[in-house]
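The following pair of complexes shares a single chain, subunit A, combined with subunit B in the former and subunit C in the latter.
Up next, the complex of A and B:
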């Protein structure tokens, strides 16, 4: 009874302060308009890309994925050829190189922050890592171009080529700029993001499991390899996918260091291109709806790949959270 | 003091008291102290752990029971600023002298923790044999035999033998704790440390673990930390009573055969504690 009395009182109190019908209407209308704006922009964005690329998909067909020539036909009387093989392989290659480097170094760093860095320094290191994640990618690109590229040209490239089978597998560097350098710059660029996420994922591994492992006679290495990493594996996979999403769509940093030529060999030490880098560098020269459409088509391919990756990683991270909750 | 306790103690007083320390000794603690960053947590503990008996460490919160227990398998090595002084002998060897590697030591002195902590990514089977695998055992026949033997010893075999490939999270809390006991036993330790092993369990699961402890002492020496005096009285043969001193470091007040400590303690503080005047 007391509760009922209280609640009716509250209702009466609220009555006095209840906004007028018109104010409520404005509130709801504002939210509705803002939300619809977002919806409209999204549909507009995706719709434009699909609309603009349809004609290219129709005229090029599979050649868009497998072809090697990028020759606009406008003014020559020949049909246009828009082959995206170099861009697609370049994108996959640079992203793969970046991921291998980032996962190895990043996981090691995240483990070190959790298990070896003194408690007092942990917050400092974590803050620095998160700040680095906020550095714009063009800064990494410029640094790669001005600092790493000459070093690659004079030291790293010749050394790698001189290894047994080096030239055959890795190729020869001409200007330092190459797919490998692009991969390395991407790795450095995504490392802070990867470390920031994997540090948390590894930190969420219950300390009791570490103790359980050690109390059974495991060495510290065994504890990291067989207990910590397996327990955190889904989250680490999520961190990888999120980093990959960033690397795969990176434009400026990559186009500054990849060399920018449509190659056919795809050897890591030789120059190449990526989808995002190609769109950015070709845009200025693109004339006619035909060529612009081809760039849109490449963009659509990239969008689908990134979207799939992002959904995949979200699901993995959510799964890991649920698994952690069970433990 | 509740009525159960009174009855139990009256019953205890009628029995002849045998000091388990008159038999073989598994571990000896001589002036063991533990400090964290220069601050004493446990001071000057000295007593013998009788082989194939259950030794209970009791005392109120902050008396250093768990801290002392964790010094027995060098688990403090992980904590920066932790320092263990004095002498802890396993057989004739000082475990801190460097003669035994910590990994070897921990396969000779197993541990069961407060909360059941099976490895969540491993199957029940993989959990049980994980210690053997850490120690380099790969042969399937050996692992299979050890898994069955230690699961039987932990009274879990019959309940899970048909689903060894399932994960630990499919078990109840009590089953998980018995899985952890089986995991510790699989390495064939000489001593098993138990840190309040039933504090996260319900009364029935607790009773099962206590029965298990009584059976297990035939094969392994047990040191158990418990905040539950009745549990100490029920399962242990020797009891060490610790209390926080004036500088907040845990001190050993009295170590005696359990029957004696709970019926005729020498120290008035022990009497106060077992009668429930503090803690």
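Up next, the complex of A and C:
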């Protein structure tokens, strides 16, 4: 958490480094060898996941991305069908719901902590937020399943369905567990992370800027919206992409509240599945069959997406930093 | 000609001024209104964010404390409740031992490597170091379940060691490594350059400077980072769920299948027995307490150390 927030700063701050030593002693060699070991582990990591999923990519082809059926063929004499459409769409849908809620509420919270909460309370609130970010995701999942799901079934679900067009757009909930609930649990789960980082980046906005804006006659909100948020946008983007990464890869919390059925409609109030959740719930029966390969293939998709996202956000942040430096 | 225009200009500019004054008053009213609405929104956001989190912690404590106080929760093996004896859940002693064992093995494996790689990325400015840096920061954000897949692929498939505590600790150590690397790198970089230069100026070798001057100065940051990495691993569920195997016995042996608190919690909550689902709250509370204690310890220790250094 704190680590992640800081690591972006190190990337920017060009700190003084010692002149590189020309001669390598035992110390330098140890560092180099262990670092190479880590490099090898990371290559092994990517390689293993790709390697285990190759056979499924070959047998299923594009069906893995677009197919609707998930039918292991073992014992039936039929070829296995592994379609990942429901998992992929479910992952996108739950993450989107989570990010919309988390970014809107989280940014508001971060602004409030920095500008509205009394100075004395600030450290306390910040500590609480960082502690909450450390609560394991399985706890959020259990709470969502035992507390939120019944409430969703009896109160929220029927209410949303009764809105005009509610059933057509949102569907009806059967057990409370649904993609919408999964999105909300994810939002609650990533909120502390998002707030912890965005509080820091918003707090780092130079006070002169805020004062200049206020002295020009801007209202408090105009200052926040037109000065503070644009100044902090790079950091806010970093917080968003980190939270999105957590939401996409979250496994146990989602699998406890998403309903776990391979659907075709993807209405928010109906049950669904996500990639990571599906891997965890199918794992027990998959071991020893060709379904393992299919789950590895889903894992490979997840890995490629998260790799691409982190590269994209790194590039964008670097670009923005350069642009900011020029101005 | 000039007079006429100037007089007409005066009239119109007066009108314009009145008009502008009126309009600016209207804009000001609107701006203030919007500002007030958005201030209310920010307060609403903080309340909206706090409600579920407070509710969650409250529920966790209210439901969890009775479970923790139940006799045998820490010492007994789990029991499967039956229809006739629905509250007979036993304890989670095997999961406690399993979690401790896995954390210890994972820490032993990952902390030394993570710290050394972190020192390397902090001190070297070669191309390879920046590659390692990028890999580490990418892996920090990688979904944790992928570490479970990796551990399965390596320990179970490639090395044929089976579902085991070892496989779980392998997954956890791969998970902790990038976190440790980043936190160590930051800690080492935060040591003032002047310290290092002072060491070099006294004629010490670069390696001696690093080991005897820079590292001691960075210890606080490194240890804090390590504690935070450990506390992250304690509650991690997905990766070990895939490879730990699940066992109803107490075992420290790396090659035995084991159990873990987070995994037991995940399995208990899916049970149809109320007693088991209640027990999940107790395990959750235990996890949260351990993690809070760890991160508090890290904070207090770091704060005290800093004071001493000043």
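Note that the second predicted complex is superposed on the first by the 269 of 327 C-alpha atoms of A that agree within 3 Å, B and C clash if a C-alpha of one lies under 4 Å from a C-alpha of the other, contacts with A are read in each partner's own complex, and residues count from 1 in each chain.
Throughout what follows, a contact is a pair of C-beta atoms (placed from the backbone, for glycine too) under 8 Å apart; a residue touches a chain by one contact, two chains touch by 3 or more.
From a predicted model like this one, the values you see are computed outputs, not experimental measurements.
Visitor: If we overlay the two complexes on their shared chain A, which of subunit B and subunit C does A:215 touch? Say first, second, both or neither.
Guide: Touch status of A:215: first partner only.
Visitor: Once the structures are superposed on A, label A:315 by its partner contacts, choosing first (subunit B), second (subunit C), both or neither.
Guide: Touch partners of A:315: none, neither subunit B nor subunit C.
Visitor: So, A:226: does it touch subunit B (first), subunit C (second), both, or neither?
Guide: Only subunit B is touched by A:226; subunit C is not.
Visitor: So, does A:306 touch the first partner subunit B, the second partner subunit C, both, or neither?
Guide: A:306 contacts subunit C only, not subunit B.
Visitor: Between subunit C and subunit B, which one touches more residues of subunit A when both complexes sit on the common chain A?
Guide: Subunit A has more residues touched by C than by the other partner.
Visitor: Which partner chains sit in contact with A:206 here, subunit B, subunit C, both or neither? Use first/second/both/neither.
Guide: Touch status of A:206: first partner only.
Visitor: Quick check on the superposed pair: does A:119 touch subunit B, subunit C, both, or neither? Answer first, second, both or neither.
Guide: It touches subunit B, and subunit C stays clear.
Visitor: Residue overlap on subunit A between the subunit B contact set and the subunit C contact set?
Guide: Subunit A residues touching both partners: 219, 222.
Visitor: Considering only the defined contacts, which subunit A positions touch subunit C in the complex?
Guide: 1-4, 6-7, 10-11, 15-18, 20-21, 25-28, 30-32, 34-39, 41-42, 44-45, 48-49, 51-52, 104-109, 111-113, 115-117, 127, 130-132, 134-143, 145-147, 188, 191-192, 195, 219-222, 224-225, 242, 245-246, 248-252, 256, 276, 279-280, 283, 295-296, 299, 302-303, 306-307, 309-311, 314
Visitor: Which residues of subunit A touch subunit B in their complex?
Guide: Listed in rising order, the residues of subunit A that touch subunit B are 118-119, 206, 208-219, 222, 226-227, 230-231, 233, 323, 326-327.
Visitor: Quick check: in the complex, which residue numbers of subunit B touch subunit A?
Guide: 73, 75, 78, 80, 103-104, 106-107, 110-111, 113, 115, 117-122, 130-131, 133-135, 169, 180, 183-184, 187
Visitor: Taking the complex as given, what residues does subunit C use to touch subunit A?
Guide: 31-32, 34-35, 37-39, 41-46, 48-49, 52-53, 55-57, 59-60, 113, 116-117, 119-121, 123-126, 128-129, 131-132, 134-146, 149-150, 153-154, 157-158, 174, 177, 179, 181-183, 185-186, 189, 193, 196-197, 200, 205-207, 209-211, 225, 228, 231-232, 234-238, 241-242, 262, 265-266, 269-270, 277, 280-281, 284, 287-288, 291-292, 295, 299
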